[in-house]
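Sharing a structure below in structure tokens format, with a few things to ask.
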Amino acid sequence: MLLEVRGITKKFGGLTAVSKVSFGVEAGEIVGIFGPNGSGKTTLLNLIMGMAEPTGGDILWKGVSIVGHRPFEIAQHGIAKTFQNPQLFPELSVLDHMKIATHLRLKRKLGAKRILTLSGMRDVVGEFLAAIADVLRLCRLDQYTDRPVSSLSYGAEKMVGVAMALTCDPELLLLDEPTSGLSQEETVNLEDVLRGLGTHGVTMCVIDHRVRFLSRLAPKAIALHHGSLIASGETGAVLRDEGVRSAYLGIHHA
Amino acid sequence: MTFLKRTAFGILLAVAGVSGASAQAVVKIGQIEGLTGVNAYWGFMPSQGARMAVSEINDAGGFQVGGKTYKLELIQMDTRGEPREATVQFKKLLEDNVQFVFGPFLSNVFNAIEPIATQNSGKFLMLAGTTAAHARLAQPNSDFLIRTYNWDAGPGGFGTLMVKHLKALGAKKVAILYPNDALGKTILDLYGKLFKEQGIESVAETFEPGTKDFSAPLAKLASYKPDFLMPGYSDAVLYDIVRQATESGLATKLFIVRGSIGPALKNKDMIDDYIAYVPKYFEGAEKTDPAVKKFVEDYKRFYKTEFPYDQAPLCASSCYDHVYMLVQAMKTAGTVSDVAKIRAALVAQTYRGLWNYKFDDTGEAVFSFNIVHVKKGGDIALTTVDPTATTAK
Amino acid sequence: MKTAIFAVALAAAAPAVTHSDSILTICIYAFLMGALAVSFNFIFGLTGQLSLFHAAAFGLSAYVSVLLVTRLHWGFWISLILAVLAAVIVAAAVATLCFRFKLREFYFAIVTMALSEILRLWIQNWYELTNGTLGISFVQKPEIWTPYGYITVSSSTSWYFVSLTILVAVSALCWRLQQSWVGRAFSAIRLNEQLAETMGIDVFAYKFLNFVLGSALAGLVGVFYAFYTGFVEPDYLSVTQSLDIVAMVLLGGVNSVAGPILGAFILTALPHVIDMGAEVRVILYGVVLIVVILALPKGLRSLVGRERHAT
Amino acid sequence: MIQVVVTQMLNGAIVGALYGIVALGVTLTFCITGVVNFALGAFMVLGAYFTWWCHEVAGIPYIPSVFLAVLAVSVLGYLADAGLFRFTRNHLVNGLLVSIGLISIVEASVLLIWTATPKNLSYVLPGVIRVAGISVSQIKLVISAALVAVVAATYVGLTRTWFGRSAFAYAQNPEAAMLMGVNTARLETMVFVYSTSLAALGGGLYASLYSIEPSLGGFYILKGVEAAILAGVGEVLGSLAGGVILGISENVGSIYLPSALRDAYGLVFLILILLLKPAGLFGGKK
């Protein structure tokens, strides 16, 4: 089991955002996380990424608890996350973003020895440019390489987020609402990209509102409602689940 | 045609002007003080006096040395009270071949430029006011330096005398309240010793420059039950300290060795006794001494203001004298460039201007001064002390 | 890069042209303040931390070195090293305090200011050791090795080259780091701390490193500044000093290496270029400051082409 | 000894009230325009000198003099905002720099016009009130009362009036306020000018307590900022309290410890507060 979540709980003051959720992700799987607004999906991902401290329960990464680890440590373990509304470095170009994202690659490659690279004038990022180019091509951003992110479309901005996450070459990729705010054709594009990743064997947990998109993408799924797990298993089954249907119909028709 | 005439005339004038200038020999006087910044107060006072004297001398057609007429050119540099700025400004003066430098009053500035001055010893004269110059005078190779103020504890210094005077009044305990800056610290140490010599007990409290509310330190000092409070060291703080001390009754007998009697007069109904050393008690002197009367009137005319009977004119007047003393020394030395001769003449002279001046062997000034008693209601008792008449050179 | 080398060459040739001691002095101070500004920009420009502790690090090292040399009669170079070490230790303490408690922007500025004020007051009131407000004036000058053997740095010309060397060294170091993966991490923190963290950058560690290194460089400059002036006083650590540095950096332009140097030169030389009444000079200083900031919010550096960036 | 301490607490509170009025200006401008307006120090200097001039030179009675000074400075404040600070909105550092420039301009101009010698107002309401061995000067009491009144009035104005509420709303969430139909540009200008007039008032009242010199502004603005941060940015009544706490910690501190370190006592207190309660002593919201 790559990632195992055991009875994780998060309380914000009075309300319980996530309560006793347990599920697991095997290497190579793509898991869709279903659930209406405010069902605690985003909080769940934040808990995994270490961006919020769980009130109870445990998260195991390759069998070792990572609860209490800071986000940068969790990133080092090999988990990367994208954000619902794209988080970027204003005023920098797409390439600059990718270069920053190579931070972990360099660390994994040289460890403490990377200090020595400072003695010379050469910029070690040179070695990763090829990899960056691949990622950009894969994410269909190659034509924007030197554009400042501020000049990109919303869809492209979100894609930059995905590209950065990929540049960290993670073992597990957490995607928070990747299609929200995307045009139809951008969504299709994104879906292809993610499928591509799937075939490359990248493990993913994906939150999304677009049920069809997600059901096409993720063979396995879990569903949350009011913070608790109401169904999990093969995606079709989950979506046919009564509880899940009523939960959704309760909010809006999908 | 008229155009041609006018241009021709203009050219003539220009030529005349130029030739006139070249015929007119000039002696440069530099002044290096902090004219802006937190300590501007200390630069402003002396610069006023110097400016006045120089313009007077020039308006009178300059002065004669060796049958040649010279005028003065005053170059006032602003150090902002910063060593960095002072270093540059001082070097500028030296490069400008200025042979006579007035100032500085600030010891940090003096400490910063002293090495440069020492390197150029013999090329110029520095007439410094700061107490930091006192220690330097004692050391070898100090021919460049003259201290224009009289050393509190020196022979004929007012410090010793004032403390004796205080002793005579039966003071047993004195509380000192001084700013925690260079001069403050110097005076503090100095008077600590002087009081001890006279068997007067003293307690001291210092405050950060810029402090305006002294209620806490005053209360603290009052709890020692001192006979006198010695606040310092300039009118900039005295007005506040004296007001707060007397108003609250924490201290009504004061002892001042720097600063004017202005604060006493402003609080005259609150004070019991206010003993101050002032180089000159203008209010009295202008009635008796024509030179002082003239100075006061010139000052009003020159700066188009009322004559402030406080610390400002005290320092201004001294610097005013220094300019005349220097000119006097040039005349007696018969040169405007041989600084060694001029220094000798300056140190040798006994000058009777607004103040009476004399120098000791090290080149430190000794001058006449008044001890003023301001009693409740503002009646004033005056003692004039003139070491220049007594102390042998 | 080329322009930089050209500028240095030009600067190195200057003493041959002018013999004016005062001009050399202005240059020396401009070089030293330039190096100080660059080291400040290393903190402020890269990680965006508005440190008002900079003058404190500068002054602390100055005092430590001067005390070691004058009181214990130790050599200049060992004193230099220990002085910089002192700056490192104190800066590390400050950084731990501020960054552990996650003080941001303005609060960070205020706390660093408060700490530097406390340090100043402490030095100023420890008369036995520091001679307090009287300051310490001393004659010792550093000895350096040259191809012609050891020489004592005392003449303005020799100081000119020493200070130029310091400026070049500090600038080169900062430039190199800014261009590297470390500089990239710094900028990432400035631009989006949360994202930087999820990219695997240890925000605390890098902020800490950045602050300590910048302060250490300030300390280095402080030592040479003190030994050139031959006098130290508590005002070395004053808030005004820190604010002057901020002014230099912003005037020249943040987040470049040339900018702060430019700013330092202008603000150091300006008062001497304006040859007017004391007060007028100060007024003009203020006017220049305001006009430049309003006309060029990115500083004078933005006038001449953009510096290449690795971020 | 107990009397001494109580007296010092009183004095500290009064001195602190002066910090408080500046702090209030700092807090308001910071909330609304996102700039720490160090130039308030300069406006305080002007307020003090104008008051002095009106009273001593023009011979106008004290209270009208203060009003005139405040009026004059507010006009200058408006000009400064329209000409300078309008361009540094929400840009902390540039605003800081413009303020520094302005301070040096004002200080030097004052030097130029009124010279470096400190100016003294002829005493307004001299004498002290003594109760049980505790003595406080009358003018100090009156002035602190005035300051408290002004702060209270400001608070009422901000909480009870539509303008005040919209100001608060704006401080919380500019977009929302704009949708509410708040004329943000005008709001920012009004708040800026109001805070300058507060500084001027502080200066005018200061002039009746202490002798004035051009450099007083720099000292007081630092205290003002400290007090504002101590209280928590955005706290109206808090800023006064912050100033008072600062003043008391300084005065009482200097009884037991050397008064040369006076400024340090407030600072230590400030640091502790910021570390333990970053939102400030009274700051509720983040």
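Which chain is which? They are A, B, C and D, in the order written, and residues in each are numbered from 1.
Just so it is clear, contacts are C-beta pairs under 8 Å (C-beta built on N, C-alpha and C of every residue); 3 or more make two chains touch, one makes a residue touch a chain.
Computed from a prediction, not measured in an experiment: that's the story for all the values here.
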Chain at maximum distance from subunit C, centres defined as averaged CA atoms: A
Most central chain, judged by mean C-alpha position against the global CA mean: C
B-C or B-D - the one linked by more C-beta pairs in contact: B-D
Separation of subunit B from subunit C, taking each centre as the mean of its C-alpha atoms, in whole Å: 37
Distance between the centres, which are taken as Cα means, of subunit D and subunit A, whole angstrom: 50
Approximate Å spacing (C-alpha centroids) for the pair subunit A, subunit B: 76
Two or more partner chains touched - positions in subunit A: none
Contacts with two or more other chains, residues of subunit C listed in rising order: 121, 124-125, 279, 281-282
Multi-partner residues of subunit B (each touching 2 or more other chains): 35-36, 180, 208
Topology of the chain contact graph, where touching chains are joined (line, ring, star, complete, other): other
Chain-chain contacts as defined at top: A-C, B-C, B-D, C-D
Of subunit C, residues touching subunit A in the complex: 176-177, 179-182, 184-185, 187-188, 191-192, 194-203, 309-311
Residues of subunit B defined as touching subunit D within the complex: 35-38, 40-41, 43-45, 180, 205-208, 210-213, 215-217, 219-220, 223, 235-236, 239-240, 243-244, 247-249, 266, 308, 310-312
Interface residues, subunit C side, partner subunit D - complex: 50, 97, 101-103, 105-107, 110-111, 114-115, 117-118, 121-122, 124-125, 239-240, 243, 246-247, 250-251, 277, 279-283, 285-290, 293-294, 297
Of subunit B, residues touching subunit C in the complex: 35-36, 76, 78, 82-85, 87-88, 91-92, 94-95, 107-108, 111-112, 114-115, 180-182, 184-186, 208
Touching residues (chain side subunit D, partner subunit C) in the complex: 36, 84, 87-88, 91-94, 96-98, 100-105, 107-109, 111-112, 218, 222, 225-226, 229, 258, 260-261, 263-264, 267-268, 270-271, 274-275, 278
